Amino acid sequence: MTQRSATVQGLLWTAPWWLGFLLFLAIPMGFSLYISFCDYPLLQRPVFVGADNYRELARDPVFYKVVGNTFIYAALAIPAGTVVAVLLAVLLNRKARGQAIFRACIFVPTIVPLVAVGVVWMWMLSPEAGLVNQAIRPVGQLVLPAAQALDNATDGAQWSQPILGVAQDLADGPAWLDRPGWAMLALVLISLWLIGSPVVIYLAGLQDIPTTLYEAAQLDGASRVRRFWHVTLPGLSPVILFNVIVGIIVTWQIFALPYVMWRSRSGPEDATYFYTMYLFDNAFKYLKMGYASAMAWVQLLIILALTALVFWASRRTVHYRGA
Amino acid sequence: MTTRTTLLVVLLGLPAVVLLALGPRGQRHVPADRTVVRYWEKWAGVEALAMQRIVDRFNETIGAEQNIWVEYCVVSNVDQRMLIATAGGDPPDVAGLFDHIVPQYADRDALMGLDDLVAEFQIDLDAFKPIWLEIGRYDGKLYALPSTPYTIALYYNHRLFREAGLDPDRPPRTTAELNDYATRLTRYETGEDGRRKIVQLGFTTSPGMLGWWHWIWPNFFGGRLWDGERSAIDTPAGHAAAEWIHQRRAMLGNPEMLKFEGTTGAIEGAQNPFLSERLAMLFQGPWMSNWISKYARDLDYAVAPFPSATPDKHHAFASTDVFVIPAGSRHPREAMVFLKYMLQQDVLEELCKEHGKVSPFRTPAPDFYATHTNPFIQVFDEMAGSPDAFGYPQMPTWAQTSAELLKMHESILRGVRDPHDAVKAAQQRIDTIVDEYQRMAAKRRGD
Amino acid sequence: MNPGRSRQSGTVLKYLPLIAVAALYLLPLAWMLSVSLKPDAELLQSNIIPEHPQVDAFGQVMRSESFDFPLYARNTLIIAVLSLVGMVLSSAIAAYGFARIRFPGRGVMFGVCLATMMIPFPVIMVPTYMIFKHLGWIGTFLPLWVPAWFGSAFNVFLLRQFFLGIPIELEESAKIDGCSTWGCFWRIILPLSKPALAVVALFHFLTVWNDLIGPLIYLSHQNQFTLALGLQFLQSRAGDTPWNQLMAASTLIILPVLVLFMLAQRTFIRGIATTGIKG
């Protein structure tokens, strides 16, 4: 095969991808970069305004608010999701009768239409009759005396007030959707319910860890816990890295769920107003398509930076077999 | 594996094949050589059925004579969908929007000006109360025609008034009096843990129990948020409204109020605390009586105009759903034939009645009030005739402004900010939004 | 010690957490099902087992005027099938190119391919819309399935990893027997990659099945709507959302995917396991 025919053949085989890349990614991205420097209300022609959109973005308090919210959500949902998904995967990887059914139970939530997810969880989290609060209240009533004792013992010190507040909320059953902190937690909670896809990927990762490693560890007399720390986790680390990166991309695009759950769209004190929601509002509600495009490009840069950061931070802890 | 595969094929394939082969239930059949007018509307459920009946009637009569077929489509997020479809060159021919979106869409060339068409089709605009047409005008041009209008009034519970020693036939006449009533209508209970709880609340402006009118309060103090050039919230009226909200909450106990508002159901439908007599006074539209007769048939209530700051003024909020013709509509004339049909008094009043709204006409038909589902509809209707009636601020940046005002309102409700600082901060933000908009518009004109 | 008893307690220890976790995850779904079976009068009560269960809501959904379930199901199915075939085929072809054909620039190209996974949808949403507008595709199914015929970076990556794991000797000996590159791909690689193809198919099917934004933006006629989009009609702003119908419709939407997952889950997980997402 000559050099030229190899090139032709390679280009032919990969054509589906690079044609799609040019048509549906490169051209739109180029165009969106251009209109991010324009005033463009969708029905009137774009007018070039230089870096105005980016300058306005730097001064926009709502922008900082949504960046902050999205960061907080990602910082809560990704670690919590990783821990829960790995544990679930280990549980579902054991040999047991009817494992298919158990796996399906974890997976079904991900196929529920988001509109329904929102409605179901609004019921689950309803302050008075919701199942979540029915389960939480007894716990809160156990904790509350301790918190009150702490408050008394410290003569109502400043730092003990939030603890007392949380304990009181728990004892009453928190108003999940109406308080900024609880609203954020509610979303994290729901994200843990919608964890099916990562669990399936972790399951696959677990099946890829050679059983010989476990056998060797068992011969060395390692306990279950030690085996988990020294065989399972290192073996799973590349998959964890993969899921964390997918997690970054997904959490930065959270949109539909808060949109369905809060009529004000932005939640109590704007606590559940996220980046993509503000971007959509700018594009289709405020008709500032140029501004929205500038936001989209900033979003891409943030995601790329975070991904690079995760890669850099993980260079020592991720183990590639055979590497 | 083979049984599994067979199962898979049977379980999934069969219904799929059946679905593809037999297809959906018959779509409405459009008779040949009729011009199809696509009509997108936000109304679903019962409201949609009422409209569909009228559309059917049009298609059988005028439509048949003039070879027009109106296709009624329920569309969620109709404003955004219409905009996207217009940008895509495939807009509907008529759309039903909310009035507050008209200035923005008109300013962005999304709507067709209707003045010429209205003249050509000899639609008698004088038959309507002026405010309903005012709402559809922007920059001196008519862009929207009223469909089902409403005003918002004060619902109050007779029984709770009596229990609190108030005269049930004398609703509050000023905003200060309303605060006073609210205090007397609020009842507390002390729980086992020694904390005070609200079990019955007089009045609240919390968004969860209010609906969509968080921005409205300065208007009852004589303020108007937009003068055509500048926004005005940092005004005596703006501060008075903020103070009014803040004072009531301070009097009733803000933590207790937040608790009550956070744990009590939302305004829509059966969970409404006014229905369960846990809220004594409520700011709501004429459709509320439908919920009452559906969920709390025996409720003893009445309706009064919402009070203004001084008894000599009668500020009243008026708003309406509207018909528009999107720019780029392929059949504006045919659409207009349909709208002319819709705007006949008997047809439109039938629709308004079924939707539980007021009549947009100067003199409603004699039986309009008598047969309306809301026994107090006349109160609502008369409010629209008040010389102090007002609609949404007609600013092209209303969507974004409204979001800022919601933020301001929330920070006053939650007590996270001094109300007067909140008002000043909101003014600054809105000024920036308006300035930015005008600066971009200037660049667009090439200044 | 009685070995039988310790085995028994072992079984309990093994199943208890499984059952507990499954129950926890099923609870919201149980609520969903329960609401779909409740008559209107019970909707606001918080009991999870309906006092007077009835299936009327399902019937209402199937017959509803404003929510045409069979029509939307058919539309969703058409879009899903068309885009599924394209996605699997073209991703496989491109992945084969990246895995087996040596050509200059391959490394760079593959790197770009991986990087495109990071692009958030909003970045390209509006311009993509403009492109479809120029092509005159707005208001048709085309924007919803044609792009799938150009593969996706994620699936190309997944399949390439899988193909790399197939011994190259198989193809070499076939080539000696006079088999073309296409023949190798079609007759050797594809049959061996069924689990991986199943993964691509299921994940993509899920995406299409639940996609809301695409249909919301590109479809303008009600008789083209998909299930996810049509579901919005059951949510009414006027405050009388028929909760039982909304939940019944959601249950109906979930059912086929659930069956698919139950039957295919082993193939599915094996498929991912052997593709090695380890990068």
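To keep things simple, chains are lettered A, B and C as they appear, and every chain counts its residues starting from 1.
The rule is simple: a residue touches a chain if its C-beta (ideal position, glycine included) is under 8 Å from a C-beta of that chain, and two chains touch if they have at least 3 such contacts.
Nothing here was measured: the structure is a model prediction, and the numbers come from that model.
Trainee: Without subunit C in the mix, what are the joined groups of chains?
Mentor: one piece
Trainee: Using CA atoms only, can you tell me which chain is the most central one in this structure?
Mentor: A
Trainee: Please work out which of A-C and A-B is bridged by more C-beta pairs in contact, and write that pair.
Mentor: Between A-C and A-B, the larger count of C-beta pairs in contact belongs to A-C.
Trainee: Counting in whole Å, what is the centre-to-centre distance of subunit A and subunit B, each centre being its mean C-alpha position?
Mentor: 35
Trainee: How far is the middle of subunit A from the middle of subunit C, if each middle is the mean of its Cα atoms, in Å?
Mentor: Going by mean C-alpha positions, subunit A sits 19 Å from subunit C.
Trainee: Among the residues of subunit C, which ones contact at least 2 other chains?
Mentor: 232, 235
Trainee: Quick check on subunit B: which residues sit in contact with 2+ other chains?
Mentor: 84, 87, in rising order.
Trainee: Which subunit A residues touch at least two other chains?
Mentor: Answer for subunit A, listing residues that touch two or more other chains: there are none.
Trainee: Taking the complex as given, what residues does subunit B use to touch subunit A?
Mentor: Listed in rising order, the residues are 80, 83-84, 86-87, 104, 108-110, 193, 207-208, 258-259, 261-263, 266, 327, 397, 399-400, 403, 406-407, 410-411, 414, 416, 429, 432, 436, 440, 443-444.
Trainee: Where on subunit B does subunit C make contact in their complex?
Mentor: Residue list for subunit B touching subunit C: 4, 7-8, 11-12, 15-16, 19-20, 23-25, 27, 42-49, 52, 73-77, 81, 84-85, 87-90, 92, 267-271, 287, 291, 294.
Trainee: Tell me, which parts of subunit A touch subunit C in their complex?
Mentor: Touch list, subunit A to subunit C: 3, 6-7, 9-21, 23-25, 27-32, 35, 88, 91-92, 94, 96, 100-116, 119-121, 123-124, 129-131, 193, 197, 200-201, 203-205, 207-208, 238-239, 241-242, 249, 252-253, 256, 276, 279-280, 283, 289, 292-293, 295-297, 299-300, 303-304, 307, 320-321.
Trainee: What does subunit C use to touch subunit B in their complex?
Mentor: Residues 43-44, 65-66, 68, 70-71, 73-74, 77-78, 129, 132-133, 138-139, 216-217, 220-223, 229, 232-233, 235-242, 256, 259-260, 263-264.
Trainee: Once bound in the complex, which stretches of subunit A touch subunit B?
Mentor: 39, 41-44, 47, 49, 52, 56, 59, 61, 127-128, 144, 171-172, 175, 178-179, 263-264, 266, 268-270, 281, 284-287
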